[in-house]
Each structure stands twice: as structure tokens, then as C-alpha cells.
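Labels A, B, C and D are assigned to the chains in the order they are written; within every chain, residues are numbered from 1.
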Amino acid sequence: MDESKLVSVSEIQKHNTPNDCWIVIRGQTWDVTRFLQEHPGGSAIIYQYAGRDATEAYSEIHAASVVHESLSPDCFKGTLDQATITEEWGKPTGLHREKDTTTTDTERPSLDSILNSYDFEDAAASFGSKKAYSFYSTAATDCWTRDTNEAMLKRIWFRPRVMKDVARVDTTSTVLNIPVNLPLFICPTGFARLIHPDGEKGLARAAQSTGILEILSTAAGYPMNEILQEAPGYPFLFQLYLNKQREKSRETLQTAERLGIKAIFLTVDAAGRGKRESDERLKTDEVIYNVVTGEPIKADKRGGGLTRAAGSYIDQGMTWRDLAWIRSVTRLPIILKGITGAEDAKLAMQHQVDGIMLSNHGGRNLDYAPPAILLLLELHKNCPEIFDRMEVYVDGGFRRGGDILKALCLGAKAVGIGRSFLYALQYGTEGAEHLVEILKDEMESVMKLIGIKNLSEVHPSLVNTADVDHLVPSGAEHPYAKWSPSKLSKL
Amino acid sequence: MDESKLVSVSEIQKHNTPNDCWIVIRGQTWDVTRFLQEHPGGSAIIYQYAGRDATEAYSEIHAASVVHESLSPDCFKGTLDQATITEEWGKPTGLHREKDTTTTDTERPSLDSILNSYDFEDAAASFGSKKAYSFYSTAATDCWTRDTNEAMLKRIWFRPRVMKDVARVDTTSTVLNIPVNLPLFICPTGFARLIHPDGEKGLARAAQSTGILEILSTAAGYPMNEILQEAPGYPFLFQLYLNKQREKSRETLQTAERLGIKAIFLTVDAAGRGKRESDERLKTDEVIYNVVTGEPIKADKRGGGLTRAAGSYIDQGMTWRDLAWIRSVTRLPIILKGITGAEDAKLAMQHQVDGIMLSNHGGRNLDYAPPAILLLLELHKNCPEIFDRMEVYVDGGFRRGGDILKALCLGAKAVGIGRSFLYALQYGTEGAEHLVEILKDEMESVMKLIGIKNLSEVHPSLVNTADVDHLVPSGAEHPYAKWSPSKLSKL
Amino acid sequence: MDESKLVSVSEIQKHNTPNDCWIVIRGQTWDVTRFLQEHPGGSAIIYQYAGRDATEAYSEIHAASVVHESLSPDCFKGTLDQATITEEWGKPTGLHREKDTTTTDTERPSLDSILNSYDFEDAAASFGSKKAYSFYSTAATDCWTRDTNEAMLKRIWFRPRVMKDVARVDTTSTVLNIPVNLPLFICPTGFARLIHPDGEKGLARAAQSTGILEILSTAAGYPMNEILQEAPGYPFLFQLYLNKQREKSRETLQTAERLGIKAIFLTVDAAGRGKRESDERLKTDEVIYNVVTGEPIKADKRGGGLTRAAGSYIDQGMTWRDLAWIRSVTRLPIILKGITGAEDAKLAMQHQVDGIMLSNHGGRNLDYAPPAILLLLELHKNCPEIFDRMEVYVDGGFRRGGDILKALCLGAKAVGIGRSFLYALQYGTEGAEHLVEILKDEMESVMKLIGIKNLSEVHPSLVNTADVDHLVPSGAEHPYAKWSPSKLSKL
Amino acid sequence: MDESKLVSVSEIQKHNTPNDCWIVIRGQTWDVTRFLQEHPGGSAIIYQYAGRDATEAYSEIHAASVVHESLSPDCFKGTLDQATITEEWGKPTGLHREKDTTTTDTERPSLDSILNSYDFEDAAASFGSKKAYSFYSTAATDCWTRDTNEAMLKRIWFRPRVMKDVARVDTTSTVLNIPVNLPLFICPTGFARLIHPDGEKGLARAAQSTGILEILSTAAGYPMNEILQEAPGYPFLFQLYLNKQREKSRETLQTAERLGIKAIFLTVDAAGRGKRESDERLKTDEVIYNVVTGEPIKADKRGGGLTRAAGSYIDQGMTWRDLAWIRSVTRLPIILKGITGAEDAKLAMQHQVDGIMLSNHGGRNLDYAPPAILLLLELHKNCPEIFDRMEVYVDGGFRRGGDILKALCLGAKAVGIGRSFLYALQYGTEGAEHLVEILKDEMESVMKLIGIKNLSEVHPSLVNTADVDHLVPSGAEHPYAKWSPSKLSKL
């Protein structure tokens, strides 16, 4: 890649068609003609910068290194010749792309006035980037699973005990033998930079300062090494989408192991793409124009949104057999993230993974997937031995310190929270730290009031699940739908 | 019928009373005096055109051929003598009949922005014909069954399986051995032309292009042969209301068989007329005037609406014995449409029909009839053998591809959708095709996320019905209401 | 009572204090000083007319004969001397009493546009007398029982049967061997004249013309004989509040028998007064002035309203033993109105009454009394033999013909409706007739659609009560609250 | 304490920093520098009066005697020298502290128009002090327990009996052998003076005049002896928060016994502080300024509110063993207030206390604690013998006389009401008396309508709890969550 080669503005401007498309990123000129069709975010979003400078739009979503990882060196066409920049070139491309002006920091509530995770969401909904809030808050189709994740937690009550000495309470625990101040994960999410330029880096600093664990996403906005540099020596976890191109996953896993990642959370619930309509709707409302010709670019008929942009490389053909391959390239512990029933939990035991994360992906993939907290009950009913065999985590709908304790009482070793951390990140690292403080304060208050001093005392008898028990399946089969023999034979 | 006979405008205008009433349709003059009392839509709607041209109002509801089928040749009075047309004759009869001006195509959302079936309904509610939307969306009395059809589907959850190879999923299936791209029916409905002039023809083209099946209604706005011409050689199904005049049904069935119809869906749940109030309300708000005298015509006290217009010929005395007669005039497979319980499903088995369609008529006939999806559970509980004996279909409340999969998992061979196709038809054939694409896309997404590759893998264990199981009857009798012997003896 | 004695206006005006209070009704002057304290409606409402003409206010609530029945002859002070009437006397007493001007007949919806009982209520709420609507619609405290009466009916579904010959359906039945067109009662209610001057007379004419039964209230606005004259020879029923002064009840019962009343409905659920707050609130918002002095009259601290006005004479000490006394003064059949549980139903059987009416008084007396329709289920669960031993009726929350059929299927011989008839009475007799027509039309439609030809075919298997079955008590005792022996001994 | 020593205004004004802070209360000058950090309400609220007169703010919350009890005599700096008062000193300190101007007595509804406890709350919400309403109405986090306390009461129905002689009903009972007109407590609450200057004194007068019992709070706004003087000779109860400094509790208990208090209600559910957000939010919205410098004072990051101000002295290490100590310093009966389950109720029996008060602290401490009324059912299911062994009381969500009867039927000996009395206190003693009259009137009405004459007749069979029975735990363990042996061993 010869960076000394200069390219003039007038030359770049010639390559402005779908069949011959150059763009400039951070002063480097790239031929993205082939890449247009592969771009997870769709071709239109790139094509509007055909023959132009795309730096600003690129940086909003991607880390600096992504372009190098995505394009082969022969796509590099040279360094932009600054001497050739015209007045027209420098003009903002405001024609086609409205600044997301809903962000108005001046009106945002002060961090002091944020009392709980709902306040963080309200602040993000009212004062943050509309695109970010749409992407973070959305879920699949009717959003039933997303909303029911929370509703089911609220239908579980405590059974407090009194007259216990709780003058001092202790929220510390361990996750995979890593000591933590709270048994809490920052869940892996993409596009954290949408809400704050620090993105996952900001969350990493907060994880370290508060003593909780961050699971880095395959889709993180910064490369793994850059994030880890924010909290040197601190333990991190890594979430993996298995790539259809196994070599890319091999490279990722080896990098992770080399950088000191402590465990791999293999996502198993992304074999299909969730239809997230509020996200898609955002895209369809946005008309994209070619910045040179000024003509509108036809959008994909089914809408778009960041969701559709995100997963084209994921291997939808992944099966239990692929665990062997993963083990062949890394010695890190493997946790399956996205188990939604006792049958697959049993298979996870058979395959001797190191843990499972009960998760419906925050309701973002399959709507009407089981509410997260009920999955712990399903395991108790159908395979209680799993709690002795491996660590079980859960995410989905957790809002309060009390919610976390309900899950711990029902056997979870730790709980993951995703959206709330993204909303908190609007205030940067300090926001995420404030969220952890709130959750810790809430947990301590609840621990005292249910009468336990530390987390070794959590126990199912401290919660009343009578309002939801009837919703938990008792076995693998439907209770009375006996499928006819002729059809069963096909299975 | 001597079409060469000319009738002058001045002659026609003389016949403008209830006892002597002529109207002109497409240049043909008809004496409708006797027919006034038989008209399913009531006499008032015709009488307002007494002595006038009724072409416009006629075409909005009826196919061209209907007048010939309904009136005997001796009612024909001759061809309108164009030479005698006066200025007054040509004037729009705007006095008595407001154009349904709520249709404002310019504001209608573009098809690209329609992401799901709810969007189609919103578009129909906000931008389409008020009369059409009222007729399509209405249901009987409190609309409980209509709304609960949907609500019960939402109370059924998936039990997904992960780590299955679902890189390619296949939604194809068969219905009565006819291969289909999706196991989906366009349900038979009347008055499709209210929302788009193409009416059932438009739906027929969409059925062919997307590979699904359309069930043509007895009350279709176009004659069967005209509809079939839109998709030559493509398989169609036909819905039959048994006529009190058996000869008319014989003729219809023979025509159907001759034209290549593949099966007869005999409607069994229309022995009474549903009281559809929003439809009736529309009518009562509309004052009808005699176009000649300008005086208001007294409307039926109980309101009217299209519903009451539709069913006067249906035989409310139909019993199981009539199946023999139907079999005597056609060799086509017979499916009973409108079964709402296990007892009648068992009788259907005894009478060896070829299939049943579980249906409460979209809640349009009997309010508080059982929610459609629960009927599949009732069969599993009470007569599971039926799923081996015949194909079982279901309609009522289906909105999403995921809804369809829930029904398939519970044993349905195919699912019917009615209202959504009518709403989509506002955009013509392309709208209906877009709806099928959406449903297919949703189905594929759900199939991947629950871990099945094709529809032979659907199974009750893939759904959790725990939230509704207690609502399903366990037998023919009420569980604890033991009727006293003295009264039972009367039954 | 010497009606020839004349009293001058100036004389009357002198008696305008609580200790010396005369009023004029229909030209007759009465000393009501003693009666002030006994007046069920409170003294203030009378006292505001001290020394004045009270005819208008009197007639709005009471029948002409009431004054004679309530006051002893020595209270009569003479006939108003018309010659002495001054200009001031004739002036409307608008100062103290606002005309209920919410009635605006011009805006009221036409009877043709009333499609169901809800429409009648809407019309009464929006266009009728505010006082009437408050009194009719109110119920005790939280109105839970009133609202749940309706809600529980909606939670019962039909289990329709198809392919039955229902070309002709028949809604006739019998009540106590009296043939009726519909098994429907007009429930006894007070103050019917508030909404229409015809009051119970109007309802009587409608009962006769439609072939249903009216139960005349002890608190009717017209004397029994006047009402019966409206429908000579037609059968009527009579509701009795047992009077603390047994002689008054004896007189009433003997009059009833003499006038041809067919049965006595003895109210057993009025041992306490319901606290009907919207009714009481109305009163407290109304300041009452002495019409002579113009000074405000202090109202009862706990509010008032028509409810408190109504029941002071009812014997709250009535027990099962009083049935013997009633039987000693009348040979008419006795029905107990207000049974709300199986235990009292069993006692009713032991006491060999002729029938019971399951009723919670429309939720107007005891809030959180059991929803009416569930009482039928409680009888089936605990004493099914009662349906063979006597006729069982039910009222409370019935709005639709379908609701009536649900009750009939569950064993009721007939159903009572109260509020809806009062709302319909705003349109006079024609309104009440229209309501019956609507209910009959709805019943016929439902009968056809559930597959029955006449009411001998109703049966519990035609309804699904699975959504409410768990709410029905299984016995006399609380299922698991075992009261300690020491306390039980007190019972 | 030499009160003759005079201090000049100019001297006082010099002590206006956090490290040297004097304030004047009722003409007495105090050095509060050390106390600043101990003040339960936080230092900021005091510091804003550094070098100034704090009388007005002090009196709003505290009794006159509190300053003497809280500060040691050496903190007294002398009597304010009235001669040195400057114009500036006398100025209202309106700069820093807005008068709570939402109180607008002129608009407040008259007591006559208050028909129930909801009316009292509405009046407090709309017309009273915003701070008072926020503190009284708030509850922990999601307010689920607060709201569900009421909702569960509404889900319990009556099973009325008819034909009983209820002409006279009697609401009297006893509590710990003390005769009462109603079995009703005024619950102990803090800060009653916020809504009315009479505070607990006003409630004490109402308790005496209506014949119910008041439980005086440790946090009462007046000293115990001052309150008791309002109703000499009348029995009172006392609520105790066990102090970390046992000597203070010893002194309090001995004072209580000396003053004639009848029993001690030991609060056992305050081992942690409830997170009451609407209360905290109020504080965070209020900027506090130093009244001298005019600069804002930084508030606690987590918000504040009266809740956090209230409990720093409570011993969160209290255990069952501490009962022995309490018994060693007082012979008064001991009732445990705040039991929320059968297991702790059994322990209370083992420890032979004199009674328990089932309470979740009005939902103010632990959100998702069990709804109060269900706790009675839990005792019936798990330890019914307790009702023979001691008196059981309950509070939480009681609004109506009917609610009280539901609890009595389920075994409660008396019921506590807190918030409603505070709301009623807005009208002073008369308001509280009016509330008792309302509740008594409601109770009498319900007693008649369910067929009981006096409270010895209450019984579980008079209520139907079928709608909530499934929510009541059957034992100490979770019904199917069998914790694995390895983890159980830790417990």
C-alpha cells in the first residue's frame, strides 16, 4: 500500500457510479466498487459518497481500523492530494444527510438527577441521537419478548426475612473465578459509538473502575486491542458470532486469546435476523441522495436500518458440531449465549461447555421467545443439576438491583445488562459508572431488606414465583398436543 | 332480449316509483320493480335511482354479469336511446349520494414504507374508502372474538432450538396436494371492489405470482370465470354459501368444476347474520334520497350496512344431510369452513369430508365464538386423530409470519388471511404481493430462529401454550354444570 | 279531609320554619312539620319549599297518591285560595333550584340510530337529566361489582354447533307458567319518572306490547293500580321491601293480590344501604336554599342523594322466619330477590319458596358482592338440584341478547334488566319497546349461530366458562383458611 | 446552659461556614458544627442557615424539644440579643428557600364534600404541601408493593348472607384487651407536622374522640409526653426503632412505660432504607443556597428527600436475640411490626411475643414485598395456630371499611391505616375524625349487607379469595426450584 501516491480531487470525482466508486476516508482514497455489494449496511449508504469524502459518516459507525480489515490493499488508490482540493469539495454534503439534530446537550438532565435506569432511558429518548435510541430500544416485530422480559421480572415477588444482622452487606462474587464487585455483565452490543464517541472504550473504563465485567462484541465500534488498552490488565470477555469464513473467526479467537480475553461467549441465537421495525422504519423515512448527481437512491424495499446492516457474515449453518472446531483454535472457556430452553441447556451440558447465558437477545431476534427470567425456572423444573455443572447467566429486562437479586436467587451466577449501559453511555464513562453505583445501591438495599448479608445466601425460597409458575414448561413435549404418529415419524 | 329496442330518457323517467321502477345500467334499461324487494342490499339503495342511470353505484359493488344473472330477460326494457339524453339526465346525481371523498391517494404511504400487515390496515383506515374500511374491519357486536383471535395468538410463545443448520429455509408445502410457496390462503370475502376496482381479479393475479391459494367467494364482485382468466391454469378454490334455491347452487358448483376449481369450501357458520355495528352505523348515518323527487327514503330501523345486504339467499336450514346432495352434484373435494369445536370436527370426520377450516368468520358472525387458534388445541385435546384423517386449516387473527408458524406447529396444514389482503388490495395486485413477501420474510426469519429448515419440521413442542391451556374445553360437556335430569331429557 | 276549606297565600307563607312548615301540592295545603324528619329524601329538600308551592318538585319524584298515603288526614290544612295568589307567589322559585338543563332533546340521537343498550346509556349520559343518570348508573363504593357483572359475562364464551336447521328460531318461554315472548324481566327500580314523566306506566305498556314481564317496585313513582291500568289484563309481578310496620306490607300485599299481580319478589339484599358515591356527590354539590329567606340549608354531612332517600322503612331485621308471616297474608308465589350464594339458595329450598333471583342489586348495595353470572355456576357446583326444584332468575350486567343466552344456558329461567330499560325510557314507551326488539334480534342471531331453534335447547355445554371457573367457590367454607377452634366455637 | 448570656447578631453572622456554623432557633444560639454531619436530613439543609435564624424551617419538621435532645448543652452559645437585630437580619431568607406555595386553603374542598379516603388523598395531592404529599404518598422503587396492597384487597370478594337480623350492628372490639370503637390503628408515621402544625397531637385527639388507637412513632414531630397530654388518660401505643445506641432505646422505653403507653410495636422491617424515588426526586430538584454567601450548596449525588433523613440511628444489626434485651428494660407487651411471611411468624411464636403486625411498611421499604392482605392467607395456610396464640394485625392498602372487614374475616384482630390519616390531617383533628366516621359508616353498611351483627361473627367463609389463592406460598421452600446440594450446604 503505497501511501505516497497522490490522487487529485478531480480524479476522485470521476469515480462516482455504482460500477466505479471511489471514496475518501481520513485522506485515503479507496475503490469500494466491489465492496458496495458486501457492505452489511447496504450499498446505498456508501454510494451516496461516490467520488466524495466519506470520513464523517464512516467514523460515526466504524473504528479507524475497520477499513483496513475489510478492504484488500489493492483497493487503496492513493492519498488525497490536498493541493487539489476545491471549494466545492470542501462544502458540507448537507444536501443528502441531515445532521441528527435531536441531540441537545444543553437540555439533558444532569447526571445527579438520574436516579435509576429508567431515567437514563428517558434521557436517551428525549435528548440523545434519534437513530441511536431507535437502534438500541427496538426489538423484533411486536416487541412482546422485550416487554415481557421486564413484565415477568415484576411478577416475581420477594419473601423477605427479618431480624437478621445485615448492618454490613457485600455484593461481591465471582464469575468464572474472576472476582467481581457485582455479578454483572455489560452485555455485548454493536454501535455503541452512536451515542458517545468513546463507545466501548468508555464502557471498558467503567467496567474497570466499578469492578464489573464487560463482554466485548464482535460488532464493537473499536478493535479489541484499542478497547483493552483503556483498562490495561483488567479482565474482559469476548462475544463471538461464528463467521461463515472460519478463518476470520480463527484469527479473531487467536487475537482474543493473545490479548488476554478470559472467555468466549458464543452467540447461538442469531441464526436468523430479527425484524426490528422501529429501526427499519427509521431508514425508510430517510431518503438517500447521490451527493454528486443529487438524485435519490432507491432504498431496499423492505426497509433497512442498522439491524440489517449487521449480520451478513454470521454462519446460520452453525451446529453443535462446530464447538469442536472452536475448541481446536482456542483454549478459552466457552459460554453459549442465547440458550432459551431446558432441552438446549441439556445439550450444552452434554457438550461440556463452561457456561450458558440464558438470553433471548433482549427480544431483538425472535419475538415470542420465552421471557428470560422464566428460563431459570425452566431449568429448575427440568434439569436442576445444571446449576452444579456450570455457571448459568441470564440477561433480558433487568432494570433494578432487585431484579438482579431475583435472578441470583433463582440460580443465576451473574446477570447481563445491555440497553441501560448504552443509555448511560450518553454521559460517557461517568454515566456508566453512575449506573453501576445505582444498581449496587439498589442491590444493597434489597439484600438488607430480604435479610441476607452476602451473595452466598441467595436462595429460591427468597422469591415467590407463584404468579408465573404455570407458564413454565414441564418437559420437552407439549402437555397435551399429541402429534399423530404419521407426522411424528418425519421428525 | 332484444337489444335493438330503444327506450327514450323521457320514457324511463316516468318509471320512478316503488311500484314501477326502471333503472339504466351500462346503457341497458331494466324494470326492477319486482326485484326491489329481493335485493340483498335493500330496496332503498336501488329505489334512489328510480327512473335514472344507476351504472356508477352498480359497478362499485357488482360485476357486470350480475344483473343478467339476477333478473329474468323479460325485465329488460331496451337500450337507452342516446339521442334522447337531456342535459338534466347527464347531471351527476350528487344530490343524494356523496362521493366517498376520504380516499386521498396523494397522502397514502408508499408501498415501500409498509413493513407489516398493521401498516396496511393503518393505510386503509386513514386513506382508503371509509365504507370499505368499516365493512372489512367490523365484527359482530362487541368485537370480542375478532380482537381475541389476535390476542390469543400473542399469548402463545415459541420454544426455540439453537445450533441447527438453518442457512437455507424453505416455506413451501402442499394444500390438498397442490404445491404452494407458502401454506397460505387468501380467504373468501365479499366486496373486494370497494377498495380497488380490480377486486378479486387483483388478488387472483397476486395469488399466482406469489404461489399461494385464493378461495373465491360466492359473494365475489366478479364472476368466477372472469377472475380465473386473470391467472389461466392456476389452481383456485371456491367458497360456497348453500343457496335456499338448490338449483342455483347446483349451477354454481357445476360451473366451478367446469372452470377447474380444485375444491369447495362450504361455509357452515353463517346460519345467522352477525350484527356488525360499525357497518350498520355507517348506513344509519347516511340519508338516502329519491333522486327524482329529492325526498328522503325511510331506512330500515335496525340499520343496514353491507352485512345485511349480503346473505338473504343463504340456507339457514342446512344440516349434515345436505352434504349428500352436494356430493351428488360435484366430485370436487369438500372442506367445511367454520367449524368451531371438537364435536363438530368429529362429525366432519364421520361425514368423511376432505378437510375442515377452523374459523369463527373473523369474529364477524357470532361474537364470543372461540378464538381461532385455541380450536387447534381443542382438537388435540379431544380428537387428535383428525390431523391424520384430513387436512385442518385455520383462519382468524393472523397478522404475522410468526402467527402462521404457531398454527402450523399446532397441526394446521395452512392458514387463511382475509382482512389484511383486502387492506393490501388498496395498492392493487402489487399490494397483495407485497403482503405475501412480508409474511414469507417473517416466516423465514422465525423458522431460522426456532431452528427448523422446512415445514415438515413443525411440531407442537416448538410452542408454549401454557398461558392459554386452561381455556380449552376438555370434552363435550361443561366441566361441572350438571344439568338436571328432567331438563336433559328434552335434549 | 275538608277540601272546601280555603287557605290564603298570606297564611301559608307564615308557616315557613322547620318547626312550622306548610307546603302546597296540587292546590292542597299540607302541614309537613312532623313529616320533615321522616321524609326518606331528607328534610332539607322539603324545607326549601316551606310556605311555598312544592308541586313541581314533588311530581318529579312521586306519584299523585303518595302524599295521601304518607300524611295523615289531619295534616291537610285546606285548599289553596286561588283568589289570594300574589305575583310574588307565582314567580318561579328559580333562585334555589336550577332546572336540570342538561336535557336537550333537540340533540338527542334518533331512536333509529340506537343499535344496542350501550347507545341508550350514551344517550342518557349525554342528553338526559344529570340527576337521573347519576342515580341510575351509580353503584356502591368502588363500583367493582357493577363493572364486574358485565366483565364476567364477557369472559364466558359460546361453544357453537353448526349444520343444524335454524331457519326459524323461537325466543318464547314461560316464567311461573306465564307465557312470554322473551324470558326477560324489567327489573323493579325506583324513580323512573326522573327520566320520563310516564315512568313505570311507560314501561308497563312496553312490557305488554313486547310480551315480557315487568316487576313493579315498592318504590315505583306511580301507585300499583295506576300502572296496571296502562295494560289491563296483562300479568305483572311485584317487588316487596318488607316494611318495619308489618301492617303497611300487609296492605300492600293484599292490594297486589286483589289487583291481579302474579307473584311477589321479596328483596332480601337490602338490609343495609349501599354507599353510592356518585349519587351522594351530586347532592353534596347542590346547595339548598330556603326559598323564603334565601339562606342556605345545611345538608347532611355524609352527603345524600336519592339512595339515602329511599330506604328508611325497610326492615333490616327481616329473617327467614318472616316468610311465614308473608305467606299468612298472601297466597301469591314468593320469589327471593337478592340471593348471592349457594348456602342461601339451599335455605331458600328448605323454605320452599317458589323461586330465587340471583342478584347483587346491580352492584348498588354491597360492593365486592359476587358477580351475578358466577352465581349460576356456584349453584351448579354446590346445589344443582335447585334447578329442578324452582325457577332461578338472574340479573346484573346483562347488555346483549347473547348475555341473556349465556345465563339461560347456565340454567336461568329468565333474566332481569334494569338500568338499560331506564335509559331507554328516555324515549318513552317506544324506547323501551325498541330495547326489547334489539335484545330479541340479538338473541335470535345468537340462537341461530350456536345452533338452537328454541329455548328448550339451551344447555351448559353451549358455553365455555373456563376463564372464570376458578373463581367459583366449591363449598361453604374458605378453601384453606381453617379458623382456629376457639374462635369457631363462637359462631 | 446559661440562658442569660447574650449573643449579638454580628457575632452570630461570623459563624457561617461548614467548619464553624451557628444557627438560632427560637431565640437560642447553637453551635451545630459537629452536628452537621450527623443530621439525618443532611448537612446542607442546616448549613443554608449558617449564621442565621433557622426557626421557621426547624419548626416545620421538629418538635420544640428535639434540639435539646439532639445537642449537648455545651453547644448552646447564648440567647440572641434582641437589641442587636439589624434590618438585614430580619429580612426573610426568601432568596434560598421558596415557600411551599402549592397550599391554597381557599380552594380546598370542604370537609362535607369528602366522602371517602380517596377524596382526602385528592385534596392532599391538589391543595396541600407538595413536599408533604410526596413524602407521604411515595413508596420504594417501582411502587409495586404499595399499589398491589390495594389491588389485592380489591381482588377479594364478599360472600354475603341474607335474611339475618342486622337492624343493629356493632363495630366495637378489643386490641390487647383495650376496648375500641373500631379495631383500627392510626399507624406510626413521621413528619405529620408537614401537613398540619398539630401533627401527631391532632391525631391523638381524634383517636380519643373516635375511640380508636394511635401508635406513636419514634419519629413523631412532638415528644411523646406532649402528645399524650392532648388526650389525658387515653391509651396509646408506641412504635420503636431500635437504636444502635441501646441507651437511647432504654431511655425511650422507660419513658413510654412511665407515661402509660400500653404496648411497644417494634419495627422489624427497616434493616435497609427503601429507595423512595418521588421523595428523592423532590430533593434533587431543589437547589439549596448558603443564605449568607448566596452560593449553591452541593447536594448528595443520590438525591435526598425526607426518607434518607430519617433512619441513620436504626440498628440494622438487630436480631431475634435483641428481644431479650428489650424485655429486660420494659414489661410492656411487644408486638413485632413488619412480619412478611409465615416463617418469621413462626419464629415470633417461638419467641413468645404478644402479637405481630403483618406489614410491608406500606411498600415504602422493600418493593415486591408480599401484598399485605395475602400474608393473612399465608398464615392460614402455613401456621393457622398463630391466630389462637396471639393477636395478628395488618396494615397496607386499606382504604374502605369493607377492606377492614375483609382483613377481620381473614383473622386480623385490627387493621392499621397510615397515609389516609395523614391526608385527613390536612383538616386537623376534625379531618381525622371525619375519616374514622367514614370508615365506621362503611363498615356498618358492609356488616349489614354480609349479614353480621358484630365483629365476633367475622369468618373466612364470608370472603372469596379464589382470585388470589394461587399467589400464596404453601411452605418455606420454592415449589419446584430444588437448589443443588453443593450450594445448599453453604446456607
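Everything below uses one rule, namely that a contact is a pair of C-beta atoms (placed from the backbone, for glycine too) under 8 Å apart; a residue touches a chain by one contact, two chains touch by 3 or more.
Computed from a prediction, not measured in an experiment: that's the story for all the values here.
Engineer: List the interface residue numbers of subunit A and of subunit B, divide the shared ones by all numbers used, and answer same when the ratio is over half, different when under half.
Structural biologist: different
Engineer: Could you please state the distance in Å, as a whole number, between where the Cα atoms of subunit B are centred and where those of subunit D are centred?
Structural biologist: Taking the average C-alpha coordinate of subunit B and of subunit D, the gap between them is 64 Å.
Engineer: Would you kindly tell me how far, in whole Å, the mean C-alpha position of subunit D lies from that of subunit C?
Structural biologist: 45
Engineer: If a residue has to touch 2 or more other chains to count, which residues of subunit B qualify?
Structural biologist: Not one residue of subunit B touches more than one other chain, so the list is empty.
Engineer: If you connect every pair of chains that touch, what shape comes out? Choose line, ring, star, complete or other.
Structural biologist: Ring.
Engineer: Please give the residue numbers of subunit A that touch subunit B in the complex, ascending.
Structural biologist: Contact set of subunit A toward subunit B: 141-142, 144, 268-269, 271-275, 277, 280-281, 284-285, 299, 301-303, 315-320, 322, 336, 338-341, 343-344, 347, 365-370, 470-473, 476-487, 490-491.
Engineer: Which stretch or stretches of subunit C touch subunit B in the complex?
Structural biologist: 112-113, 115-116, 154, 156-167, 377, 380-381, 384-385, 387-388, 400, 402, 406, 410-411, 437-438, 441-442, 444-451, 456-457, 459-461, 463-467, 469
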